[in-house]
Amino acid sequence: TSRNDDSGGGGGSTSGSDEPIRVAFVPKLQGIPYFEAMNSGGQQAADDLGIEWLYQGPTTADAAAQADIVRSFIQQDVDALIVAPNDPDSMAPLLQEAADKGIQVATSDTDAPDSVRQVFVNQASVQGIGEALTDSLMTAMGGSGKYAIVSCGETAANLNAWIDVQKEYTASEYPDAEIVDIVYAGEDQAAATSMATDLMNANPDLTGLVGECTSSAPGVAQAVKDAGKTGSVFTVGLGTPMSMAPYLEDGSSSASILWDVQNLGYLTAWAGLQLAEGNEFEATNDVSADLPAVEYDADTQVLLLGPPLEITKDNVAEFDY
Amino acid sequence: MTATTEHPSPAAPAAPPEKGRGLFSRALEALLTQRVVLLVVLIVLLLVGMSILDAAGVLSGSFNADYLASALISAVPLAMLGLAQLMVILSGRGGIDLSVGSMVSLTGVVFGFAYGLWGWSLIAALVLAILVGGVCGAINGVLVAYIGFPPLIATLATYYAYRSLALVVSDQKPVNSPVIQDFYSAAQSVELPLIGGSLPLIPLGIFTFLIPTIVIVWLLLNKTTFGRRLYALGTNNVAATWSGINVKPNRMAVYIASGVISGLVAVVTVAQFASARPDAGTSGNGMALPSITIAVLGGVAITGGIGRVAGIVLSTLLIVWINASILLTLPGNDGTQFQLLALGVVLIFASLLNGLTRRKYGGI
Amino acid sequence: MSVDERGVSAPAVRATARRILPPPVTGQELVLVGVIVVLWVLLGLFTPAFLSAGSIRPLLVSVAPIALIGVGMTFIIITAGIDVSVGGAIMLCAVVTAKSLVDFDLALPLAIALSIGLGLLLGLLNGVLIAYGRVHAIIITFGTANIFQFLALRVFGSSTVNGIPGTFDVFGRGEAGRTFGVPHSFLITIVIVAVAWWYLRHTSGGRNLFAIGGNAQAARLAGIAVQPRILAAYALTGALVGLAACFFIAAGTSTLDQAVGSGRELAVIAAVVIGGTSILGGRGSVIGTLLGAILVQTVTSGVTQLGWPSQLANLFVGVFIIIAVGTDLLRQRARKAS
Amino acid sequence: MSPENVTATEPALRLELQGIVKSYGGVRAIRHADFAVRPGTVHALVGENGAGKSTLIKIIAGAERADAGSIVFDGVASTIASTADAIKLGVQTVYQEPQLFPELSVAENVFVGRELKRGLRIDWTAQADHMHELLGTVGLPDRIATVPVGSLSIAEQQQVSIAKALAGEATVLILDEPSAILTDSEIDVLFAVIRRLTASGVAVIYISHRLDELFRIADVVTVMRDGRTITTEPIGELSVRQIAELMVGGVVSESRPAQGETAGEVVLELDALSGADTFRNVSLTVRSGEIVGLYGLVGSGAGDIASVVYGIDRASSGRMLLSGEPVSIHSASKARRLGIHLLPANRSAQGSFSFQSIAFNITAGELKLLSRLPGWVTRRRERDIAREFIDRLAVKTPSQSSPLSSMSGGNAQKVVLARQLVKRPRLLVLVEPTQGVDVGAKEEIHRIISRLADEGTAVLVVTSDLGEVLRISDRILVVRDGEITAEFRPDATQVEILAAASGAESDPTKESA
């Protein structure tokens, strides 16, 4: 068997010192603007930093399909492997396998806490996102009223984490506001729309809706628009700029909470390079012109992109994804 | 050869042994009319082709035994559920089980609770998983065998019901604990004792779950009277009744078997994911449609009465290895997209080839 | 053996004529109407606004595409076939149509024609392979489902289709999309269901579909052109998928993503079987299918409007499939017994 | 018509086939067939099971395509590529196995593929009208029109198939063993129809194993053997015996099988047994070593008695005793455990595992015998058992692993019978044991039955074949309208028995086999 010589730097074609450093990133799901934007950011970094950026994602947001891809990257013996796990728990052992083969491992966008990942590239703190969502909805709703959340995958770890923050934060900061229901529409826009409609019918006094992910954010806005309740029911969500633009324009969506996804991709690629070269992270790192001071928390091993960013009709045009 | 139970067409055996026919023409006929042979050939072609590409250095990673072996980890649930479908589809009357994925999710969660949270022993939790799977399957069985629901409908209904239950009982959070984290070792790749050194690491699940299941199902189908009764009622339900076969309990049994296997797969999946996910068997395309695909690609006649264990094993190997190969051949999103194309083309090509040639060689 | 030599009096004949006519509606359909009425009344009582236009209209909008494809699926299942590729076909038709709406700003008729034409093409592919390939429909359509999905993903090109214009709003968005307050997508569906019902009941083409599903061999021996008819059933379904894809775009947001169509095949099949069409072929009705689609949508949106956990909806869908088909089974038992 | 005036007025040929060849995979169904039919004549086609009769007519009907050979129709060379083509030419066919649609009503079945239309619509009134007339012609009640065919008896289904063939305009009418499952009175109706058709110039091709009836209806007879057409003669020139010998290519013994008069103790006793609404207080006994013939016209309820004895149906009242022990049998498996075996009437539906091997089919009823270990099977035992019975019943097959679907009706019947004999039964019930079986095989099956009896098995033969019941029974019980109306000894005449079976209205002037 070739097992032993493999860990050296495997496939004939890919080994060899003159080759650039190879940083691989596995998104949760391919073909959605969010991760494709991360990809273009990573590509950008690759060009700037002279590394090879490998990007491959499953066609369904499915832990098993993602594992197959991770396995193939391990087989390709890349220098750094970074994953946005669909299921953190199931990713942990795979990262272990990679590490055992001498591959530098990290997570981005979604963490795998109890794994051997050396760093988590965090777009914004869970706290930050949850609070930003709540705050911008509350500004629209005037600090009080009933609202509901249309989430996506029932089991999506980070969505559920944000929702928990929203619950607590709303309770503590906005005593006059109340979350009346939380529903799960999967990655399905149509389902998100009709569930949002049902929620408005079920709660005539509903004045707010949150679209917790990139497919439900435009979904809830569309529902409000169709119901002709623009201006009386306010929506916010985690939507990618271009998909949200029309709704931000016509006011059916008040704001979209996101972050500069391309920069997140850039930072991810950069972090991969640092790991591959064995560099330590500073407390604050000068990554690029856009990212002059990225903070690193050595205890939690987290690189933080920065505070979440509120996209409104004023700045939505600045983004091309 | 088990012409006795397993020949889809009168082809090979029905033809009187003509002296004149050369070895080649008989080999060709076998290739064209027998799925198992076709699958073996396709697998060989794949391996040879990929090795050439590898030698030519156009692959992004080395295509070697280790990779093939590590890819087998996804073959475990696929093949096991394929075997479940084999038995169910064999039983005829439109036998099919759309609920396997949901049963995996549900039993997985229950297993997770028992083993991960209630601190049950592995054996106890395993038995529980088998029981829960068996009960889910029994519900399908009663609906189909005793009340007379068309299987597709009964299992479509329970597919919806079980997946929803899995989410409800788990409060839609993966069940998790250190114990379950460590349970991943049950899915890890290991070195075989003795000869192991000269072989690649093989996922443990192959030995602990898949091969035992293969052997048991194969023995059931080919070496037991239950298998005969199954083929009989799958071929002609009425004639089976008139031959003194109690069709209802036997038909029910295959749905229970399907549930039990799903229970085992649930355990495998918990090990693989190192957590009990309430959507383990239903996320993405779910597990039901792929397992049915494996079964039909393996040559199981959807109308019942025809199907072989070897076909399931081989079609799983083919699919798993094709997918693994594509990932090494096509970088970026293309890779995962072309996996879909490959699956579709192989499935249609194989069925059409056998379907059409069966006519030439005198079909059913 | 000529038709004219009557051996009986005219009234007697007319009586027999009525007797040999297939029944206009099946018991199953009546049961479904009952169940739906009861559910709507209950939901009307226990939710603030279920029976309001603002709730019923979106319900009809989501019913339309499922019922529409359901009509084709009913034809197919009556011939003892099945099509699990509709999900992939929706995805492909939707993305191609949406993209050309964005890129070329197609006029409405062109866009519809494009979508239906493409769907028809996909249906023909299924039909040819199934009718002439001697392979069971479920196998072929499993295969084509993957291929359609692949093609759709290529067209998506690892991105979503953004900024889809409101060309399809006439199908049910806003006042322009309604007549007498009913969304046009639903009205179109009703019309197509009615035509399909008449075709299945009163034309030889329709009756022959039942014959094919009942016993294909005997149908062939009776001189029916079995293969072309089967082909036609899949082609029809393809065309309807094309139209339904327009409905999906119309009901969706200004962004189309890869999730479109996924899992719809099961939703359609569920509607068909709840509607009393026998999966074994030879028996079925498009009205039942429409009712089945309405029932499923009622359950899912009912659960949300009642404020129950949304993940319970599927449980109820499962239960209703059992109940609907179960009652059908029991009534057949009863009929056999008597 | 009599053969004489046929040969006198030589009408042109309606249909002529030459050098027809057809094989299925390895099986050479037709090696060489020449066949010509004249309008206005009834042309009988006879041959042993597997001779190729059905295959030949399937080629005429467009259901199969010949590998070689030519077809000339009304003087024009024609290719019949599909059943549609054949029907266009006016070829109407009644197949050996009824080809109907169980879910659809009789009315719809009759008009499938030949609907009467007004514009796009089906003209239901015209169909109802025509329907009424057709049902009258084939002797079925009018009310049956709306019943789903699935719920009819095989005989009724056969009559529906005939009505179906009559629904379209016919130039050639093909009947493949229509009489096999019809009662004599139903056959009389059929013959009346045939005579009307021939009078109006239709050519009728008539396949049957009941050689005696050919002399009542046929003008010309063609004999097939091993896929070849051996000879074609005016019926008058041949005797039953000659035809039989041409078919088997040898000499047929007329000898009645030896009958063991050693009737032992009572095995089966029915005491005032009644079925749901199929038969009423039937009492009978069958002793070991005795062959009891239960004769009844189709629909008389004789078959239903068998189903109850075998546990397929339930008795509504009365007792059943096995060797004096009262038993309640509610499943076939229970029946078999008690040593009661049954050969079902409908071979294809109730007997065959069509695409499974012959060996599988033979052993399917007695899986326990396939190994010493309970629940286990070993292939060697299976092979041995299969070989033994293939030899004992002289089943014609290249290999025991051939699928049953590749065998002709008669050979398939032997295989299904073998299944009942693998384990020697205490009581063997045979329902229409020789239906659609040729003379040679019929003899063998009868011989097998009486050998079993001699070895001490109690045999109950349920049949509507008068010759058969007289030939093999030690005692004959006649069933009419669900009741046992008479008992005869085998020396009774056909006329007596028929009278008892069909009430007064059967004509006693019927020539006997």
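In this document, chain identifiers A, B, C and D correspond to the written order of the chains, with residue numbering beginning at 1 in each.
The criterion applied here is as follows: a residue touches a chain if its C-beta (ideal position, glycine included) is under 8 Å from a C-beta of that chain, and two chains touch if they have at least 3 such contacts.
Chain identities (UniProt): B = ABC transporter permease; C = Autoinducer 2 import system permease protein LsrC; D = Sugar ABC transporter ATP-binding protein.
In this text, all values refer to a predicted model and were calculated from it rather than measured experimentally.
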_Smallest number of contact steps required from chain A to reach chain D_ = 2
*Name whichever of A-C and A-B has more C-beta pairs touching across its two chains.*
A-B
*Starting from the mean Cα coordinates of chain A and chain C, work out the distance between those two points in Å.*
37
*For chain B (ABC transporter permease) paired with chain D, centre-to-centre distance based on mean C-alpha positions, whole Å*: 43
*Indicate the residues of chain D shared as contacts by at least two other chains.*
none
*What residues in chain A touch two or more of the other chains?*
30-31, 59, 154, 184
*Return the residues of chain C touching two or more other chains; collapse runs of consecutive numbers into ranges.*
149, 153, 158, 278, 311
*Using the contact rule from the top, write out all pairs of chains that touch.*
A-B, A-C, B-C, B-D, C-D
*Would you mind writing out the residues of chain D in touch with chain B (ABC transporter permease) in their complex?*
23-27, 310, 312, 331-333, 335-336, 342, 344, 349-357, 359-360, 363-365, 367-368, 370, 375-379, 382, 398-399, 401-403, 405-406, 419
*Across the complex, what residues on chain D touch chain C?*
61, 63, 82-84, 86-87, 93, 95, 99-105, 107-108, 112-117, 120-122, 124-133, 136, 142, 145-146, 151, 164, 166-170
_Please output the residues of chain C touching chain D within their complex, sorted ascending._
1, 3, 5-8, 12-14, 16-22, 202-204, 207-208, 210-211, 213-215, 217-225, 278, 282-283, 336
*Of chain B (ABC transporter permease), residues touching chain D in the complex*: 2-5, 7-11, 13-18, 223-229, 231-232, 235-236, 238-246, 305-306, 361-364
_Help me check something: in the complex, which residues belonging to chain B (ABC transporter permease) touch chain A?_
54, 57-67, 70-71, 73-74, 167, 172-174, 176, 180-181, 184, 187-188, 198-201, 272-275, 277-280, 283-285, 323-324, 327-328, 331-333, 335-337, 339-340
